[in-house]
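Structure, as C-alpha cells:
Going by the order they are written in, the chains are A, B and C; count residues from 1 in each one.
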Amino acid sequence: MSPLLLEIRDVVAGYRPDLPILHGVSLHVGTAEMVTVIGPNGAGKSTLVKSVAGLVPISAGSVAIEGTEVTNLLTHKLATASIAYVPQTANVFTSLTIDENLKLGASTLSKADAGRRIAKAYEDFPALTQYRGQKAKVLSGGQRQMLAVARALLTEPRLLMLDEPSAGLSPLMVSEVFSRLKTLIATGVSILMVEQNVKAALAISDRTYVLAEGRNRIDGDSAKLAGDTEVAAIYLGAGGRKR
Amino acid sequence: MSGYLAYLVFFLIVALTYSIVVMGLNLQWGYTGLFNAGVVGFFAIGAYGTAILTGPDRPELIGGFALPFPAGVVGGMILAALAALLVGLATLRLREEYLAISTFGIAISIQLIGLNFDALTGGAQGLTGIPRPLFSTFGTPGAYNLFYLCLVGTITAIVFAGLQVALQSPWGRLLKAIREDETAAASLGKNPALVRLQAFVLGSTLMGLAGGLYVGFIGYVSPLDFLPLLTFQIWAMLIVGGSGNNRGAIVGAVGVWALWTMSGFAISRLLPVHYQSQGGAIQVIIIGLLIVLTLLFRPRGLIGEAQSVSRHAR
Amino acid sequence: MLQALADGILTGSIIALGAIGLTLTMGILRFANFAHAELITWGAYMALGALAITGTFAGPISPFSFGLPLVFATLIAVVLTAALALLIDHLVFRPLRSHTSHMTVVFASFGVSLLVRMVILLIFGGSAAYYSNELQIAIRVMPGLRVMPDHVFTLGLTLAIVVALHLFLQKTRLGLSMRALAENPDLVRINGIDTRVVVRWTWVIGAALAAVSGVLYGLTVQLRPEIGFQLLLPLFAAAILGGVGNVFGAVIGGLIVGLAESLSVLFVPAGYKMAVPFFILLAVLYVRPNGIFGALRGGAK
C-alpha cells in the first residue's frame, strides 16, 4: 500500500531537550483527508504542528512525508516537502502590503509561476483585491486569516497545516473559512488542523485526534467521536481511554 | 621595605580598588544583566568628585572645598549615583541596549568635561595636591602605603560582605526572581524596572567609591587616568573572573591587572623604542582577545558560578 | 553660521551613511552592534592600503581631489569590509547568539570593536593619514560660505546611495525579505526563505555602507584609528533618533546630529562637540524613544 501522506511516529519534542512538551505522539494523515487535533490547553497541539514545521526541535521519533523522513526539517524547506503551514498568531506581515505578503509566499517559485499563482489567489480570495497595495495591518482578523491561507496555498502544497484558524473570528467568518478548507480537500489537498472549537472541528473533519498533556488519548472517525463522552471527560481533566 | 614588596603593595592597592569597581559591575551585569559600557565614567565621577571636594582651595578653581576625606568620598559616590539615575531613568522601560549606549555616552561626556571644564576639573592638567588621608601620621611612604593597603582591603571586604548580605536579602531574592522570570515577578505586583534601576545605581555608586579611594591614594586626577580603555579592563576582569560571582570579581581584578602590568613590562623590554606606542596596542589586543575568547569558550569565566541554564534555549 | 550649516550637512551625510548600515543591522539582526563603527574605520584604512598598493595610476578628476585610484580602492575596501563583517558574524556573533543571552552578543560586539581598532592601530600606526596630498581650493559660493568640491561630492553620493537603497528595499525580492525579516523571522522561514542568506546580505550591505562612509570621512577630514570610536555615539544617536530599522529616519537623524554638532560650536566651546550626540540621545530616550519616524518594532520591552 502506498505510504501515507504524513506519518508522525512517537515524537518527543520541546524547546528544551530536558523539558519535552510532547511525550511520544503519533498521528497520520492520508491523501485528501482532513484531520483535526483537539485537546485541552497545554496539550501540545500547537507544538505538534510546529515540530513538523521544524520550529520546535524533535528529540525522538520520526516524521515522514510519503515515506521520506523529514524529522527536524529546516523550516524554509517546508515547500520542497510539499507542506505549507499557517501559524496561529503573527501569520501575516502587518508592515508589508497584501501584494508583498503574497510575493514573499511565492519566494520559492519562478517569476512566471509566481505571477500566475498570485493572480489566481486574488481570484480565489476576491476580498483581498481591494486592499492589494495597503499594509496588511488594515485587514480584519478574518481577512488576515484569508491572506495567510492564500499565501500558504501559493506553493500548491499537498499538506496544509493550520493552527487554530478559527481563533478570534466571528461565527460567520469561521464557517466561511471552514467551507473554504472543505473545498480544498476536494482538490486533493490534505489538511492537518489544530482547533479549539471542538464542535466545528468534529463537524468538518474526517478524523480527529485528541491530545492531552503531550500524549495521544483518543482518535478516530470524527463523526463517531462527536457523540463520545470520553472526549468531554478529557477536556474536563478526567481519565480517558489511553491508546 | 624592599623594592619588590613596595611594588607589590602598590600593585595590590590598585588591584583591590579596581576590584570594588568590578564588584559594582558584577551587580549590574552578573546579577541584573545590565551592560554598562561606560564604567570609567562612573569611576571618574567618583574620583573627580572627591578631588573637587577635598582638594585645596585655589583661585582659578571652582572647587577645592578642603573637606575631610570621607566626606569627599561620599560626595563622589552621590554624584556617581546621580549620573546613574540620569541614564537609568531614561532607559528604564527600554531594551537593555539603550542603557549600554547611554552609559557609553555618559563616559565620553565625563571625559570631555574633564578635558574642557578647566575651572572645575583643571582641564588637561587635572587637579593636583589632593590631600591623602592621614598622610602626616605615617613616617615613610612605605608605611603609608601599607596603611592604605589595609584601608582599601578593609573597604573591599566590607563591600564584599555588604553585597553578599544584600543579595541574600528579600531585595536580593527579588533581583534573582526578576532575572529568572520577569513576567512572573511582574505579575506578582513587583516592578522589575525599578529593581533593576536600584541595582544599577547601587553598582555605579560602588564605582564612585572606588574612584574616591583611587584619588586618595594617588593624590591627583587627570583625564588621562580615565580613558575608555579602563572600561574594557574592568570588563575583562569581570568576564575572566566569572560574572555573577563576587569572589571571581576580586580574583579577576588581581589577575587581569597582573597580566596587564606584566605584559607592559615585557613589551617595554622586548620592543624597540619606536614601536612602543604599538606596544600599547598589543596590550589592549591581549585584553580584547581575553574577553572575546573567554566569552566563546568559557562563558562562566575562571571561577564560574552555579547559574541556571539560559532560558533562551531556542 | 552659514559655514557651520554647510559643515554640518557634510558631517551629517557621513553620519547618515554609517547610521543607515547600523539601523539596518539593528532592525533586522536585532542587536546594537558596537562594532559597526569600526567597520567604518576598517573601510577607510583598507582603501588607504589599496591605494598604497596600486599606486596613483591615474590623476585626480578635477575639481575633486581624487580620481580612479580612489574609486577602485573604495571598491576593494567595500569587499574587504563586507568580508570582515561576515567573518565577525561567523566567528563571534553566531556562536554566541545560539548559546547565550542577547546582551552577551552586544557585549561581544563591544569587545570586537576594541580588537578591530587595535589591529588597525598596529598595522597603520596612530598618526593621521590622508588619501592624497593634493590641496583643494575651496570655492566661495557666497559670502560667508566656502565649499570644497569633495564635500559636494560627498553629499551627492550620499543622496544617490540613499535613493538606490530605498529602491532596493522596495522593489527587489531580497529587499522585501530583509524588511520581512525585521518584522518576523519565523514567518520568513515559513514562507520558504533561508534567513541565514538574508542575514548575510544584511551584513554585506551594512558593511558596504560603512566602508563608503569611512572613505568619505577619510577624504573630507582625515584618517585616524579613532574615527569609528568617535562616530559610535553620533551613529547610535542618529539611528535611534530616526527610529531603529527606519532607513529614511537614519538619514534624517544623521543630518540632524551632524548639524547639531556643527552648530553647537557657535554656543559652547568646541571641545564639547562630542557631547552633543549624547544629549540628543538622552533627549530622544526621555521624550520619544521610538524616534521621529517610529522604530520598526519599538524600543520597549
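FYI, a contact is a pair of C-beta atoms (placed from the backbone, for glycine too) under 8 Å apart; a residue touches a chain by one contact, two chains touch by 3 or more.
Predicted model only: the values in this text are computed from it and were never measured.
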Selected interface, B-C versus A-C, where C-beta contact pairs are more numerous:
B-C
Which chain has the mean of its C-alpha atoms lying nearest to the mean of all protein C-alpha atoms shown?
C
Inter-centroid spacing, chain B versus chain A (mean Cα positions, whole Å):
54
Measure off the straight-line distance from the CA centroid of chain A to the CA centroid of chain C, and report it in whole Å.
43
Rounded Å distance between chain B and chain C, as computed from the means of their C-alpha atoms
31
Residue numbers of chain B touching chain C in their complex, please.
33-35, 37, 86-87, 89-91, 93-98, 100-102, 104-106, 108-109, 112-113, 115-116, 228, 232, 235, 277-278, 281-282, 284-285, 287-289, 291-292, 295-296, 299, 310, 312
Chain C - residues contacting chain B, complex
31-32, 34, 92, 95-96, 99-104, 106-108, 110-112, 114-115, 118-119, 121-122, 125-126, 229, 232-233, 236-237, 240, 269, 271-272, 274-275, 277-278, 281-282, 285-286, 289, 299-301
Over in the complex, which chain A residues touch chain C? Could you list them?
53-55, 74-79, 85, 87, 90-96, 100, 103-105, 107-108, 151, 155
Chain A touches which residues of chain C in the complex?
173, 176-177, 179-180, 182-184, 186-195, 296
